[in-house]
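Next come two complexes built around chain A: one with chain B, the other with chain C.
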Partner chain A sequence: MTSTSTPLAGTPAPPRTRPSFLRRLWWSDTLAGWAFISPTVLLIGLFGLVPVVWAFVLSFEHNDLISPGRWVGLDNYRKLLHDPQFANSVRNTVVYTLVFVPVCVVGALVVAAALNRRVRGITFYRVAVFVPVVTSTVATATMFGWLLDPDFGLVNAALGKVGVASQGFFRDPHEALMSIVVMTVWGWLGFGVIIYLAALQSVSADLLEAAAMDGCTRWRAFWRVEVPLLAPATLFLVIWLTINALQLFDEIFVTTKGGPVGSTTVVVYYLYVQAFQFFNGGYASAIAYVLFLAILAVTTVQLAVGRRFSYGGR
Partner chain B sequence: MASRLRRASALAVGVTAALCLAACSGSSSSSATSTTSASSGGVVQITLSHGYTDVEAKAITAQVATWNSSHPLIQVKLVFNGGNDGALQKTLAGLAAGSMPDIAYEYGSSMAALAGRPQVLDLSSRVKDPSFNWDDFYSFERDAATSKSKVYGVPALVDNLALVYNKKLFDAAGVSYPTDTWTWDDFRAAAKKLTNADQKQYGWAYVADGSEDTTWRWLAMLWQAGGDLLNASGTQSAFNSPAGLRATQLLHDMAVSDKSVYLDQGNGNYLNLFNSGKIAMLWTGPWDLSSINSDVSYGAQILPAAAAVHSSIAGPDNWMVFNNGTAREKAAWTFLTWLTSAQTHGAFTLATGDLPTRASETKLDSYTAYLAKYPGDAVFVLNLTNVTKARPNSTTYPQVSQAIGSQMQGVLIGQSSPQDALNAAAQQADSALAAGP
Partner chain C sequence: MAHPMSPPALVRPLPDDDQTDGGRRRRPSPWHFLLLPLSLLMLTPLVWMVVTAISTPAEARQFPPSLPTSIQWSNFADVWTGSPFGRWLVNTAVVSIVVVISNLILCSLAGYAFARLRFRGSGLAFMALLTTLMVPFQVVLIPTLLIVKSFGLIDHLGALIVPNLVTAFGVFMMRQFFIALPPDLEEAARIDGASRLGVFLKILVPLMGPPLATLAILTFLSIWNDFLWPLVAIQSPENMTMQLGLSTFQGAHLTDWPLLMAATLMSQLPVIVLFIAGQRVFVRSIASSGIK
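Right, the complex of A and B next:
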């Protein structure tokens, strides 16, 4: 007998039967939520996770990507340790990253500070700084290939006019990697500028006024007040640019193809050659996973260190 | 009430989306397999995938249209493969997905990756048919279409490397034109005389990006010096020899000592510079002839010899046929026989300037018109007989090529000595060959 009358004061409430699990599931928000996002999750799972898992399995096989593979266990990883060409590609990638990231971050900060003002034509300057970011890497690389041509390029012609000797750029093993750095900084600076501009504009004007009232010069105010407040943006940029730098490929493929004499072979380019020119799919997957673990490790360290120094981020 | 409606609609959306996905994937796969049953009323529809552009694309479209109008029972559909450089990757993706064209244009170097696969048709018995006249094709073409004694392709295109030179620059420098008895010494001396550092003029251009483009020119030089790439069984390198050293030394002498060589970075600059009169000599093939400006007066000659052997190297490409059921195989073979016959291919060369693939094409009536229309091609056709060796059709060749190309790049920029480069290249090639496919 179910009574719907309110219980008299002092008597215990009648027991309520709990709806069944399925009932609760049907009525829950969770089911509705999942139903709405299931198509997207399916797509991302199919095109994102499945290749990742498949590549992991591939890395334990000797596989030319078409015929059935042959299980070889940790052979591919063992080969990596003794491969001088892989070691060379790691060295090139690390050098590239160590130069590219600081130059890009510092450069972006300087340019963003310069663009954070209301002067005439500021929109044009901001667009001009951002255009390289949206230009395709292939177009950029082709253009730089022409600009930096040792014999007929504009850069050497300009250098010749001021009396500097002709440089080898992409043809010189000692200059090729730095030429790639210049090209990619040109392509990525605008991205950093946008991030920093947004962060700079979120710095409260009160703080700067307070600093000015305390007799702080504009210069000191910038370095002592604004830049520390940019720490979250800096952390984001450093992590983002590092991840991208470690995966450099397009520019190398269009300009130097890993040369001259392997001086611009980076890890992803070496992976491409192994997978799609030599058909060593298993070995290439092993390289991919080593790179993945390296990026994961680097990012974790950066986050841990960065959070210590940045305020305002979680 | 509102929340019950919301749950129901959420579920409905999810289920519909899942059904759509299933339907989409289902219809795409069924459209691929439905073409096997495209023999409605006895008409078989076959697909031909190619990478032709410009003049060649126009020519093949016209030829296919002629076929389609005169052969109502076999209809051919042309599909552009997005560019031959990616054709192999595209084909392999198609093989993995189970959706292939019937006939595809493939680089000769792709043979190793495709031969022996179950989806690729073995044409050995078909080409041996006397009416097909397999021996009419030049020997190195037949080698490039064969893998492990089985024939998997029919020659689609053949080219070779010859010497193309700018007559005006030769006249200006007072150097006599290249002859068919030129030796490396003649070639080197001429390049030196034709180099002018002040005017940024170079005697010779060499593609130095470390890729196959770098390797195959060097291979021609190796063969001119009498050397070989690999040993007879293909298990070890044989190019670290006196002949190999001579070839590498020539590169070093010309590029580093004489500084008479323009090092192209692989972006095709050399052709623009040749057109601008900055480069006097090229080692190139017929494909570049149509891009030479009309105001550049050029000549062609066979390559110089180290002593007496004017070896050249060829890059034959093949038509390959895929397993799409008996009806389509038969139709594809019938069409391919017609397409690669002397008459049809002769007409194709007249329209495009490509070289004849069959020796009998030089006996056709249209051949004189062909030579008149493309004066440079006469040398290239003659040069076909100078191609006596071919690059190996093995899956490890790309690694051997990369080892050589990368080391030769080092020699050209003065980074390594010829012997060191050869030693390093041989060591890398041998370890790749030992590791096997």
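Right, the complex of A and C next:
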């Protein structure tokens, strides 16, 4: 910084003497560039790229994660096709995702529209909606385990007040998965609201004013002007929530452990059981790769469909 | 569709605000009918956690439930004495702090290099980085465990730190920040003979406050709340993080709800206090990155 002699473009270089290799290296960005990225490249390579390839190899092996693996070709994938428990976990994951994502997106849109106004107590309302976002999955699951406790839970008490019989919730095979939906919507709603609020605030007031001048009611302006302009945010939310829904694990592990009778065994929970309770590392890796491909496929379809229906997206 | 429009609506495109109107309160906005029950509903699990945390086991077992008659502080003390709760807190703090600091340094250095420097191999390295962004964690879970095991870090805080020292997402985010930053200042300093590192430290670091705050918050939240990785990498109670410890605590005290709620409350307190204190920065961070 303090150097006064600058061997740069301004000084006339003597003709036909090229600067030495080391000198060129120093003044090019190669050295600085690699110095800046090498720790990152090393770490991402070791904990990002190597495991991706390794998991692919593992998915063609019988591997108990302790002794050396044995190559079995496509056996793991073939077995997956005929595994009724895997089919069950796929079914549960799909049902969960198909309920969770729409409820979350529509709920977040409505709440964001309500929070995007200057009403009294807005700070209180916002904190109430946002605090669940930073609440950990384990804490969320523990709290809901208590709220939805069949014997002493607050929710059954409230139901009793209005004359509804006590429910089993997490302990009832017919209610467990939907109880998980309710719990995770509580945890994710605020996230959707944050995304929608940011998008709503970028909707120009001029547009709404123009709509109002054209005789458009506030309600119609919301649906015909704001919601279409929110299409990119909606697309992002649908994709992001779907990716996360397909990877549901923590809440299941803490509340139901996949039960009762497999009614909440989702794909990642089944993967966990295969890998760390039955030590089928190869089989679990095959499940992981199927999940990976499923996520890629679903995201690609969502993006393609989303692009057709949205305008003004990036 | 012809709709009769009242004149005030033309000058007031966002109605429904319950503010004073010429010194006189207008009637409250109808949105309160949605917002008030909704926020009470959202707060119910948290409020009920606090209520139960200060109850006696007998009070928690009443059905229908009722409010406790006195505050049972001993629940909190029992959590501390009955589990390595303090240890979990320290472990999580150590892991979070180390990982956040290293992410701030490594992500901003790499992000800067990818955004500004032209050098051989940078395109390929960046593509590799983007590839890892798309891969769900469950795919790399088992091999990562085997790698960490080969380093002898299993059941060690290092297992929680080393794989998280840098995140592809953080590098990507910092790169986006530098791309949006006008390069004039740096170029001027370069012409004055400053090295790349000099430019970075003296000119860019002071400008990086907002993106670094975002990165720090998101990294902190993801480490503090991480569960699956600690679950498979850590076995000993004294090496657990808060979330993992809480889940084992839950397994051990399945029906002692007041104790369990006291532990849950204490485990979330640091994050909730931080969140309420810095709500704006938190919300902006999540909104700008789309990460929970």
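Keep in mind that, in the parts below, the second predicted complex is superposed on the first by the 278 of 314 C-alpha atoms of A that agree within 3 Å, B and C clash if a C-alpha of one lies under 4 Å from a C-alpha of the other, contacts with A are read in each partner's own complex, and residues count from 1 in each chain.
The definition used in the following text is that contacts are C-beta pairs under 8 Å (C-beta built on N, C-alpha and C of every residue); 3 or more make two chains touch, one makes a residue touch a chain.
Here the structure is a predicted model, which means the values were calculated and not measured.
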Inset, instruction - Could you tell me whether chain B and chain C fit or clash when both sit on chain A in the superposition? - result: clash
Inset, instruction - In the overlay, answer first, second, both or neither for which of chain B and chain C A:111 touches. - result: second
Inset, instruction - Answer with first, second, both or neither: which of chain B and chain C does A:151 touch in the superposed model? - result: both
Legend entry - Contacts of A:273 with chain B and chain C, given as first, second, both or neither: first
Legend entry - chain B versus chain C as contact partner of A:262, first or second or both or neither: first
Legend entry - Greater chain A contact set [chain C / chain B]: C
Inset, instruction - State whether A:39 touches chain B only (first), chain C only (second), both chains, or neither. - result: both
Inset, instruction - Mind working out whether A:170 is in touch with chain B, chain C, both or neither, as first, second, both or neither? - result: first
Inset, instruction - For A:142, select first, second, both or neither according to whether it touches chain B, chain C, the two together, or no partner. - result: both
Inset, instruction - Kindly classify A:69 by the partners it touches after superposition: chain B alone (first), chain C alone (second), both, or neither? - result: neither
Legend entry - Stretch in clash, chain C with chain B, out of 146-154, 164-172, 200-208 or 272-280: 146-154
Legend entry - chain C-contacting residues of chain A that also contact chain B: 32-34, 36, 39, 43, 65, 142, 145-146, 149, 151-152, 276
Inset, instruction - Over in the complex, which chain B residues touch chain A? Could you list them? - result: 3, 6-7, 10-11, 13-14, 17-18, 21, 89, 92, 95-96, 113, 117, 200, 208-211, 262-263, 265-267, 269, 273, 278, 395, 398-399, 402, 406-407, 409-410, 413, 415-416, 437
Inset, instruction - Going by the contact rule at the top, pick out the chain A residues touching chain B in the complex. - result: 26-27, 31-36, 38-39, 42-43, 64-67, 142, 145-146, 149, 151-152, 168, 170-173, 255-262, 273, 276-279
Inset, instruction - Note which residues of chain A are touching chain C in the complex, please. - result: 1, 3-6, 8, 28-30, 32-34, 36-37, 39-41, 43-52, 54-55, 58, 65, 110-111, 114-115, 117-121, 124-140, 142-147, 149, 151-152, 154, 157, 160-161, 186, 188-191, 194-195, 197-198, 205, 208-209, 212-213, 215-218, 236, 240, 243-244, 247, 249-250, 253-254, 268, 271-272, 275-276, 281, 284-285, 288-289, 291-292, 295-296
Legend entry - Residues of chain C touching chain A in the complex: 1-3, 5, 9-10, 13-19, 28-29, 31-32, 34-36, 38-40, 42-46, 48-49, 52, 60-65, 106-107, 109-110, 112-114, 117-122, 125, 128-129, 131-132, 134-147, 162-163, 165-166, 168, 171, 189, 191-198, 202, 221, 224-225, 227-228, 231-232, 242-244, 246-247, 250, 257, 260-261, 264, 267-268, 271-272, 275-276, 279, 282-283, 286-288, 290, 292
